[in-house]
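Worksheet for the structure shown next.
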Amino acid sequence: MNVVEMRGITKCFGSFTANDNINLVVKKGEIHALLGENGAGKSTLMNILFGLYQPEQGKVFIKEKEVAITGPTMANKLGIGMVHQHFMLVQPFTVTENIILGDERASGGRIDYKKAEREVQALSDQYGLQVDPRAVVADIGVGMQQRVEILKTLYRGADILIFDEPTAVLTPQEIEELTEIMRKLVKEGKTIIFITHKLKEIMSTCDRCTVIRRGKMIDTVNISETNENELASLMVGREVSFELDKQPSNPQEPVLKVQSLAVDDNRNNPAVRGLDLEIKAGEIVGIAGVDGNGQSELIEAICGLMKPKSGRIILNNKDVTGLAPRKITETGLGHIPEDRHKRGLVLDFSVSENIILQSYYKKPFSNGFGINYKAVGDYANKLIQEFDVRTPDKDTPARALSGGNQQKAIIAREVDRNPSLLIAAQPTRGLDVGAIEFIHKRLIQHRDTGNAVLLVSLELEEVLKVSDRVAVIYEGKIQGWVDPRTATEEELGLLMAGSKAKGGASQ
Amino acid sequence: MIGKLNRNSTLLSSIISIILGMLVGAIAMLLSGYDPISAYGALFSSVFGSASDMGETLRTITPLIFAGLAVALAFRTGMFNIGVEGQLVIGSLAAAFVGLKLELPPVLHAIVALVVGALAGAIWALIPGLLKAIRGVHEVIVCIMMNWIALFLSNYMVGKVLSNNSDSTEKIHPSASIRVDFLTDMFDGARVHLGLILAILTTIFVYVLLFRTKLGYELRAVGLNPDASEYAGMSVKRNIILSMMISGGIAGLAGAVELLGTSEYLAINPSLPGTGFDGIAVALLGANTPIGVVLSSMLFGGLFNGGSNMQYVAEVPFEVIRIVFAAIILFVAANFVKQLGNRKNRKKKGEKASA
Amino acid sequence: MLSTMTNLLETTILYSTPLILAALGGLFSERSGVINIGLEGLMTIGAFTSAVVAINTGSPWIGLLAGIVAGILLALIHAVATVTFNADQTVSGVAINFLAAGLAVYLVKALYDGAGQTPVVESKFTDLAIPVLKDIPLIGDPLFNTSPITYIALILVFVSYFVLYRTPFGMRLRAVGEHPHATETAGVSVVKMRYVAVLISGALAAIGGATLSTSIGSEFSATTVAGQGFIAIAALIFGKWKPFGVLGAAAFFGFSVALSLTGQVWGLTEYVPSEILTMLPYVLTILALAGFVGRANAPAAIGKLYERGSR
Amino acid sequence: GGNKSKETAKGDFSVGLVTDTGGLNDESFNQSANMGLQKAKNDIKVDVKAQESKKDDDYVPNLTRFAKDKRNLIWGVGFKFDKAIPDVAGEFKDSKFAIVDSNLGGKIPSNVVAVTFKDEEGSFLAGVAAGKTTKTNQVGFIGGMSSPLIKKFEAGFTAGVKQANPKATVKVVYAESFSDATKGRSLAKSLYDGGADIVYHAAGGVGKGLFDEVKSREAGKYWAIGVDMDQSRLAPEHTLTSMIKRVDVAVFEITKQAKEGTLKLGTEVNFGLKDEGVGLSKNSKISPEVMKQVEEFKQKIIKGEITVPSK
């Protein structure tokens, strides 16, 4: 039976058509992938199914009955639950509060937290979704937040589950767990619509896949009858090469030396515990590791955004430990921050104003007092060209760009300053293969012009593909080094789990 | 708490809003048996009427422009400077001090008084700025408290320092006055003074500062996204403090200008002048843009000055004007006209606008 | 000495009562994500209406009810402007203040041929003694032999706490103020929640105003509220948007005022001029904030304009 | 409507009156002045027009408006006009001006008459009444803002109390406000709790709080004394008396002289007890025997046997 059928859905934002006469059929008990580039219209389509948007045209059938989904409440009634791309959790609330919000089942006007917590616990046991019912969401990792989102839908008894890019923010282990959970849910008779940019995941977990390009539905294929390359070209509309043409590195003099560095996180718990690291010009060093093992603190410390507790950071033979961010930047550092919306961009500034975020105070943009917006504009147009940032024009607010293009703008800004050390943190999170391909090329180009690159990513595949040397970080220390050409994901996984490196692969 | 007027409010819709606001006032008058026609007649006749009326209107507008700019500038850096009120009082106090206690050659005396007034306002604003930057104390409380402290300090100084136990000081030395004959004559006798010109210059200053300078770029960046600004090597604290001080400086200047140009003396006051709060309305109605501030000041000043003539001629209680103005603010802020015009279309736009 | 303590306490309560009520009002609105700079205006309209109605009906209670209704109606304007039309919340609040100030005084003039204030409210709230409790030494008289509205204010602090932290309504309200989109996807109507919250704030602030005109004082004039609405906003932030925090902040402020006033009676003015002494409460508040209160975190979504499906 | 008044202004004799920020019906000197004006309108048929000021900055334009309107006599009510009157009088040499409550520091222009009152004399009698009536030998005084004008009331009152009852002490407090009734009530509370049984005020709106407080206390034991006008309506059972200041008389007299052309300009006219410019209200709860002594002191002052301090 078709639990979900969307016929001829069209949705416009102003003059822009995000969904153009899209058809989607989801069968009961399947995991149905939804694939498309950034901005293709996946989230929009799902938001329509969840009642957040109303389509201009088209019909929706749930369990073969035509329905008008006027809002999330309606969607819940129809058994539709959605895990949103950008988490929909109330930070200062506890896990339990977040789950029962909107469906509190109060007795005598009073919320029975004890009872609620028991129910949440029971549910989490039933599906093996480990959460701490009492924990405050602000204090738990993305993995658990993800599980909370799923529990929210299950608590409401949803049997049609929409997962919008759930894996974009997860570690390999967590992704493994999630896949398990999805299989389990399907066994329980649920149906899942699964959005991801990672073709591997689609191949390994899904039954069928619907591809969307620029708001139009391209095709629905059986996974058993297709492969990654076909999916990719369906999505992008051209052949995509997964192989990077990458010459072996030729390391020169060291650019960055980190010596027994210790940093506390912003709750003052030790995060980096006496870490040593050296990166040479002309090489890309990748850092693999389970999220929360000190990666963020390490980066922020190097950039001067966090004060180290002890240890030394030497950049271009200059001790930059604890210097102000700008001093360090000027010593030759470029930084692609992991959270592009928090650190990377001023969303309400125009693209061009964002392009000069690191250099606005320098010639030719500023004479020390005024800002020469003519020069800024020309420069912005140049970079938009060069890095093909898809934006109506240089004066569009960054907010209106797709994540992929927002990311390209940041990379343009950082790379074009030609820093001798470029730190790239999660540079491709949430981006489609096209964008990823582009970004990887750029990182390697930067290396080949004789600079050092530090790549921090949760995606093992990416780390192994792009880096020349890979260090595994565990509990704030470098647990060991591996050679990406020889290392296997299993080998890495072990190190990431804390076991010592077995000889060989090291510097 | 950054306030922006609804993005898609246009000049036309603003004008319609103003008319709607006056209609509200007219209804209020009719209900209580007054004659709106003659009332508004009186209002306009005094706004555009005789030179001196126009002069007094300009005089009313002057401090509003300063106050509005002060509020707007702070807003741009994410600070809600509800303390313009107090900074203005302190500005007047400082200017009065210079105007009375110092003996200086004409032009210089006035300049010194203005500068000291601005500095005093800046220092008064520095306190909430500092507390916000280093202790994270919410600026709104500190500002509200500083307003009252300013009032009582000023009253104390008037009685015990600037006069001997009198209700008001002597007039400042003529050398410190910024009234000039050519203006006074142009608007036969009205107390228009150089403050008006200063206000226009300050408007240009704020525009250039915000949108043409390095500092302005930083101030706006910090206001929109402190984390990114820090990442880009700006000092968030420094910018917060700076924007409060500049804002306070402008407020202080307003106070000085009022004292040196309009009243020329300082009197004890049982309550705060209110100009600072009017400034909030003016700034927000003007969408925190310098030109917007000037326009809304003109509207505001025109209404309030015309209002007293309306009371004089048509004997309609002055309060009607407050009602009218409130209605206008609401209509503009809610962008009522346009949204009613096409609710459906708005919905889509709405979805595009970001939260 | 004992009597001075009692007196301090009485004055503290006198001053805090309207602040507590108005600040609680602000609490509901702002916890739902709607800034309410309009407290001053809501108090004004409440003070005016309850005074006039109390005069004409001879019952302060009917006056109070009328005041509440008026407060709700004015708050409705704020809600329509900010929630339905997405007007900037601060602007709308400022407008509310203008509107109330204008309207109330205008009506006084219209009703009492040009008078600057209403006639005396003969039938005002009179102290209500609670048997036994009132005889507790020191605190008995100030706390348990006082205006009914003071009891109401104190009870409302507890009620607010219960509603906000123990009921579905309260949880949804707080959620809306933190993350409206999340709340919407959980099937809660953001618009409905915010309307209710803003109307509640109108009602509470109005009671605060009524206190000034029919309990502490006994008339309404242009200067009846005189800035208390803004002090209430300060108390709200000082109290970190929490019911008992608000109670504490209001009490703290009331107490420092009490000190500065009784200080004069003790003859402090021999050494400190009364203008300076009058600054005390404001200075103390700032010191307290800088000293040990420090950073306060507003509800995350406060002041942000919300539209379904936007991000 | 205005046009009509303009025409008559061209006619025989026309008067304009500008209030200070207190407004026309402030139940104080502005209102009293207006009463004098209305009396002049009815009794001696002059055309009158009154104008309220919203801000101190309005004084000049408001006076100017009347001058432009060619009104023969223009009043500025209140000491706050002490800068505006000379300014405008200088501008419009051929209109006459009058100011209430200030002698312009002695420098009175040739087209201005300054009207002042011996507030201290009236306050002295209030003091006598208080000194003789008090049972606790403690009385209180609540001042609005510490300013010379109010100090006159304080000085006269204190002197009166001392003269009448050397054992009695006077507690003096200032609200540093003319509007905050809550403050007035708190201060009154503190004074009464502190042992005073009679409190006199010269504090405008703040004084309302005094009456609110005294009303909440045992009648016949606690007293309040009003100021400027007969304020007994605020607390009929508790108002011992009111020190009334006949601004109306003064306004009427001066206006009359001006019309008849007998007015001496460039001078200060000072109204005291002897010309009924100040005094105690007819209706009062002062006991007959105390009243007798009050009368005696009154005569002494009129004869000049006692000179009342004004600082």
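In order of appearance the chains are A, B, C and D, and numbering begins at 1 in each one.
To be clear about the criterion, a contact is a pair of C-beta atoms (placed from the backbone, for glycine too) under 8 Å apart; a residue touches a chain by one contact, two chains touch by 3 or more.
In this text, all values refer to a predicted model and were calculated from it rather than measured experimentally.
With centres defined by CA atoms alone, the chain at the far end from chain B is A. Distance from the chain A centre to the chain D centre is 76 Å, each centre being the mean of its Cα atoms.
Taking the mean of the C-alpha atoms as each chain's centre, chain B and chain D sit 35 Å apart.
The distance from the centre of chain B to the centre of chain C, with each centre set as the mean of the Cα atoms, comes to 27 Å. In chain D, the residues that reach two or more other chains under the touch definition are 146, 176, 179. Taken residue by residue, chain B touches two or more other chains at 152, 155, 159, 271, 351-352, 354, whereas all remaining positions touch fewer.
Each of residues 114, 181, 223, 226, 273, 275, 278, 308-309, 311 in chain C touches at least two other chains.
Interfaces, counted as pairs of touching chains, are A-B, A-C, B-C, B-D, C-D. Across the interface of their complex, chain C is touched by residues 1-6, 28, 32, 80, 82, 127, 131, 135-138, 140-142, 144-146, 148-149, 152-153, 155-156, 159-160, 271-272, 277, 280-281, 284-285, 317, 319-323, 325-327, 329-330, 333-336, 339, 350-355 of chain B. Residue ranges on chain D touching chain B, taken from their complex, read 1-3, 51-52, 54-58, 60-62, 64-65, 68, 79-80, 82-83, 91, 144-149, 151, 176-179. Those residues of chain C that touch chain A in the complex are listed here as 166-168, 171-172, 174-175, 178-179, 181-188, 300, 308-309, 311. Residues of chain D touching chain C in their complex: 22-27, 146, 171-174, 176, 179-183, 185-187, 189-191, 193-194, 205, 208-209, 211-212, 215-216, 233-234. Considering their complex, residues 47, 50, 52-53, 71-73, 76, 82, 84, 86-93, 97-98, 101-104, 106, 109-111, 152 of chain A touch chain C.
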